[in-house]
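In what comes next, chain A is part of two complexes: it sits with chain B in the first one and with chain C in the second one.
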Partner chain A sequence: MYKIFLTFILSILLLPYSSTFAVEVDMLIPPSDFQAFDTPNDDGKSVTLRWPSSPSESTEAEYVVYASLRKNGPFTTEVLRINSKTMYEEGSDSNFHYVEIKPGKFFNKDSDVTGGRSSYFFRLVMMSNSENVTVNEIASATPKGNWFNWKKLNNFIILIAFSTLVLWFIEHAKKNPNLYLRKISGLDAIDDALGRATEMGKPVLYVHGLNGMGSISTIAAVNILGRIAIRVAEYDTTLKVSNIDPIVLSVSQEVVKESYLEAGRPDAYVEDNVFMAASEQFPYVAAVSGIMIREKTAANFFMGYFYAESLILAETGASTGAIQIAATDSYTQLPFFITTCDYTLIGEELYAASAYLSREPLLLGSLRAQDIAKGIIITALVVGAALATIGIGFISFIFKAS
Partner chain B sequence: MDKKTDVSILTWILVAFCVINIFFLVTGKLGFDAKGLGIITAVALTLAMYSFLYKDNPVFKIAENLFVGVAMGYWIIITWFNILKPDVFEQLIVPFFKDTGNAPQYIVIIPTLLGIFMLLRFSDKLSWLSRWSFAFVVGLGAGITIPNFIHAFILKQLTFDSLIAGSLPDSINNFLILLGVVSVLIYFFFSLEHKGVIGGVSRIGVWFLMIAFGASFGFTVMARMSLLIGRIQFLIRDWLGIIQ
Partner chain C sequence: MNFFKRTIPLIIAFIMGIMMAFQYYVPHEASQSLLKVVTRWGITIAGFAVFIGAYSLFHLHWNKIKRKVPGWGYSTFVFFGAGITIIFGLYNGGEFFLHDKQEGTMFDWMYFNVQVPAGATMFSILAFFMASAAYRTFRARTSEATILLIAAVIVMLGRVPVGALIWEFLPPIADWIMSVPNMAAKRGILIGVSIGAIATSLRIIFGIERAYLGGGD
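What follows is the complex of A and B.
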């Protein structure tokens, strides 16, 4: 009888600790499967690991993956450690984990035992504070590169379709050179600005943005520079072009030289007028601001992609009383140009400017094709939104970005 | 104001600056060491740059040229240590003349040649070769940029949400986003005259653009104010020691 009583008393005393015992008694249940395979559509450096979720997943539990170059191990190289409640496969409703890793980062090339492409072996361990359980399966995969990323097929189709449109409209523009282009007031003001500079006998300053030749806005700016340089040569005034990038400098020199040649004034071209003002952002601002103040430029053009220097440049130019025309697709800097310049070409107007100025079929056709592409996008947006509203979402898959 | 007044203002400011710094150095408020002299130099350059707010002057010109020269020197060093030395000198030239255990990376010759072609602009006879480099840079830039543009600026933006969301404000928000995107796109139509319906919709687009620019303007101005505060803090705390 006293044993029963003692057991009862002990049970009551241990009751508060019962939950602790319960946690310790809870065994981690490892995932029932573990797969590794070459990541599709990649450059051949990545392997994908996939395993079903375990019922004992919690924020305290972690999944750790060890890798080896041999099937028999040793599995000592940790290649992944994640919380067990993360990295679920998209669309699996949290039933599978899906992780891409680059095992090559963890192994020295010299330890490649396969004499070529390395196969990697992986062991999955589930860990909590008190326990580690290892999944029985050892998964293996050999990363292979793919020539084509099928996930970007829609990107490729759009590129081809758009290129076809551009080529078709270029041909169309060659046959019909009077394609309509709406008025862009900032560009109409270029002639006024150049005329004013000529009348005043003061130079025209063309300021490039900060990006290099790889930037589309710089390419557009160089195109505009060519057209402006022709007019400047015809008006026989001085054009100064400030650059921050040596490659843009060289291209600008070449473009201005050719424009002077085209205008029949190669003798008027002065190479030193297309110069590198500085190589860093704020020294560039200081140098260009100094030029504006000292040379009292009559017209300033800010063309390309600008950053924090835009307001300082445009403010300085405005203080000198120069006519200022800016063109940029840097939407963070557009407000500053709008407030300080006489005319501002916003975003795509920068790209349209060279077509507008030159009316070359090549550029006109491209511009018309861009408008058609915009029309397609607008239609897709309106139709897609309407379909999504009534619960049909297939159009999202057509334009899915991956 | 006339030039004489400007010169006297400049002279008095320089005298005051020297007196203040000598006082700080003598009293030990600024150490006669690298830190103290560094603060004085930074203050001098800061004030020189701000002097442009009054008007262009010789002190600003000195600071401006110093700024440009230092930046250029820094850029040359960065180019050597980050590009030429690790990518050309150590990969191609050193292994070619010396056994380093690594084979010379002959593939580096191609970009090196393209780089040298750029420098040939100084030669009248060979400057045409620089166009090869330009063509490569422009072509490569466009080739890399265009697919990324399609990905980031078209496909990433083309996600379709239901116009009728969970709540009325969300529904209005979705509708405004659609209206904003469509009207701004129509504003950037160059093939159609902005009259009639197109003109009306593009006018809405202009409103959306201007509201966005206004918000961006206010946000950036506040960021610039914090930069100004930082400089003023440097002057009155690190230099004058008025605040701690």
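What follows is the complex of A and C.
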């Protein structure tokens, strides 16, 4: 009697655990739903699969998705296999799985086409070591390309707003040409540097950064080169331009040649003075440093995007006693230029330099727009930080990158 | 002439600038194909531009040798180095240049035993330049330089094991300097750079900035 009573009590105590064991080991509960749909904001090659989490999920269980081009199957092509504890939908608190797949990779494009596009059918299977369960629903989707990425809408609106601001200020500058611009010492010193080179009878060295013409900083550097080349031609000084990229070389040769022509000194242009120093970083450093030391250049300009070579170049130039002006948007190299150069244009000043040197109202108008845009961003940062501190975070979504 | 040298490039810059700016917002396959085609154009142009670069290099050094300018002897190494590299590159370990590049050839040997060590040597000079630049900068002659010196000493000590032995708060203070004031300055520069880059792009797209075409406006 005592043994029977003890067995009864133990059975009652172990009852809840026995059911759990049964779920984990013996009986998989499949997800209650399974959806497939065209992935929004894509190029038309992917579909998205979404299903609610199952209570049977464990590190041993897996979800496997089979696809077919026909609703009735056969579902033999495996297009996805994931651990059941992974790939949760963002913000769903692990209640839904969300996976993007490119089914076109698994099928021949021409094997079945409906209305010009392939429709795909999917079957979800949950698997563990001992058991497989299939979700009843067969999901289907037809991928199609989108003509606008709505995730980038905020970015697009900001671009349009800023572009409008720039164009408006350019128009405004036509009517009011005397815009005030803050002084940029580095750019004001260009004339001094060129004058010193002329007095000393030594060449001016213009060093391009390492990036190619695809980089906006290189384009800005080429713009500055055009302005400097005109003044160099007027002063009748020698200008040497070192390049690491052949396309930048071609553009620089053309820019310098045109500038000499503009200054009325086409005869002073020497093609070999705009040259390819090397095509790789450290050979470039060796070549340019050698020129500084051998020719004792009176003024060195470092314009563009620089990497580890910045300090070697600028320190070598400093050791020769040249006036040095650097302009870069590479913030990691800025400390080195600030340390070793007489003047350094920081970040955006590189882009402003051409407009500043030309003093043309149209170009100056865009600089004013830049300053206004910066003011707006600073305001947004301050207001956003204050709002976020009190728990209102909408402003961060306005500037969220997709 | 002005039409070909000014107007045509400005039209191309306008059309391609607008097209590629909008391409960023269009995920459609047609848009992606356009990007691929334009990228391929860039690669093709770059391929041909290599010859211009090589011509410039050889022309410059050939003239130095011809005119016997001081240091002309170094220019002979340009031809010597380029010559043997081209020869072994074309020889391709006996398979010649029509076949895929072979591994373990003389070409590879020259790269790994001449160019890589020479580049590493140049890079290693950076440490000495850094020391001399730091010495000049860290002379605390102004209040800004003093702040820089203090911040640099804290960060340097905070990033090495001995820093924690000297004072246990050095590593967290160094981390704070890097992640708060340093990060704030960095992001400030990046915001300015981004706005400047967009404004420059707009000036070029709308033909307001023309200095890249050479001469004035």
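We adopt the following convention: the second predicted complex is superposed on the first by the 354 of 402 C-alpha atoms of A that agree within 3 Å, B and C clash if a C-alpha of one lies under 4 Å from a C-alpha of the other, contacts with A are read in each partner's own complex, and residues count from 1 in each chain.
Here is the rule we go by: contacts are C-beta pairs under 8 Å (C-beta built on N, C-alpha and C of every residue); 3 or more make two chains touch, one makes a residue touch a chain.
Just so we're clear, the structure is a prediction, and the values are computed from it rather than from any experiment.
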Between chain B (first) and chain C (second), which, if any, makes contact with A:Lys257: first, second, both or neither? second
Regarding the shared-chain residue A:Leu159, is it in contact with chain B (first), chain C (second), both, or neither? both
Going by the contact rule set out at the top, does A:Tyr307 touch chain B (first), chain C (second), both, or neither? neither
Which of the two partners, first being chain B and second being chain C, lies in contact with A:Ile216: first, second, both, or neither? both
Which superposed partner A:Gly145 touches (first chain B, second chain C, both, neither): second
Regarding the shared-chain residue A:Tyr331, is it in contact with chain B (first), chain C (second), both, or neither? both
In the superposed model, does chain B or chain C contact more residues of chain A? C
Given the touch rule stated above, what does A:Gly393 touch, chain B (first), chain C (second), both, or neither? first
Identify the partner contact of A:Gly347: answer first if only chain B is touched, second if only chain C is, both if each is, neither if none is. both
Those residues of chain A which chain B touches in one complex and chain C touches in the other: 152, 155, 159, 162, 212, 214, 216, 219, 246-247, 250-251, 254, 278-280, 282-283, 286, 290, 294, 311, 331, 334, 336, 339, 346-349, 352, 367, 370, 374, 377
Considering only the defined contacts, which chain A positions touch chain C in the complex? 41-45, 145-149, 152, 155-156, 159, 162-163, 166-167, 170, 212, 214, 216-217, 219-220, 222-224, 226-227, 230, 243, 245-247, 249-251, 254-259, 261-262, 271-272, 274-276, 278-283, 285-286, 290, 294, 308, 311-312, 315-316, 329, 331, 334, 336, 339-340, 346-352, 354-355, 358, 360, 362-363, 366-367, 369-370, 373-374, 377
If you look only at chain A, which of its residues touch chain B in the complex? 152, 154-155, 158-159, 162, 179-182, 184, 212-216, 219, 246-247, 250-251, 253-254, 277-280, 282-283, 286-287, 289-290, 293-294, 311, 331-332, 334-336, 338-339, 346-349, 352, 356, 367-368, 370-371, 374-375, 377-378, 380-382, 384-389, 391, 393, 395-396, 399-401
Residue positions on chain C within touch of chain A in the complex are 21, 24-32, 42, 45-46, 49-54, 56-57, 59-60, 63, 70-71, 74, 115, 118-119, 122-123, 125-126, 129-130, 132-134, 136-137, 186, 189-193, 195-204, 206, 208-209, 211-217
For the chain B and chain A complex, residues of the former touching the latter: 49, 52, 56, 60-61, 63-64, 67-68, 70-72, 74-75, 118, 121, 130-131, 133-134, 137-138, 140-142, 144-147, 149-152, 154-156, 158-164, 174, 178, 181-182, 185-186, 188-194, 209, 212-214, 216-217, 220, 224
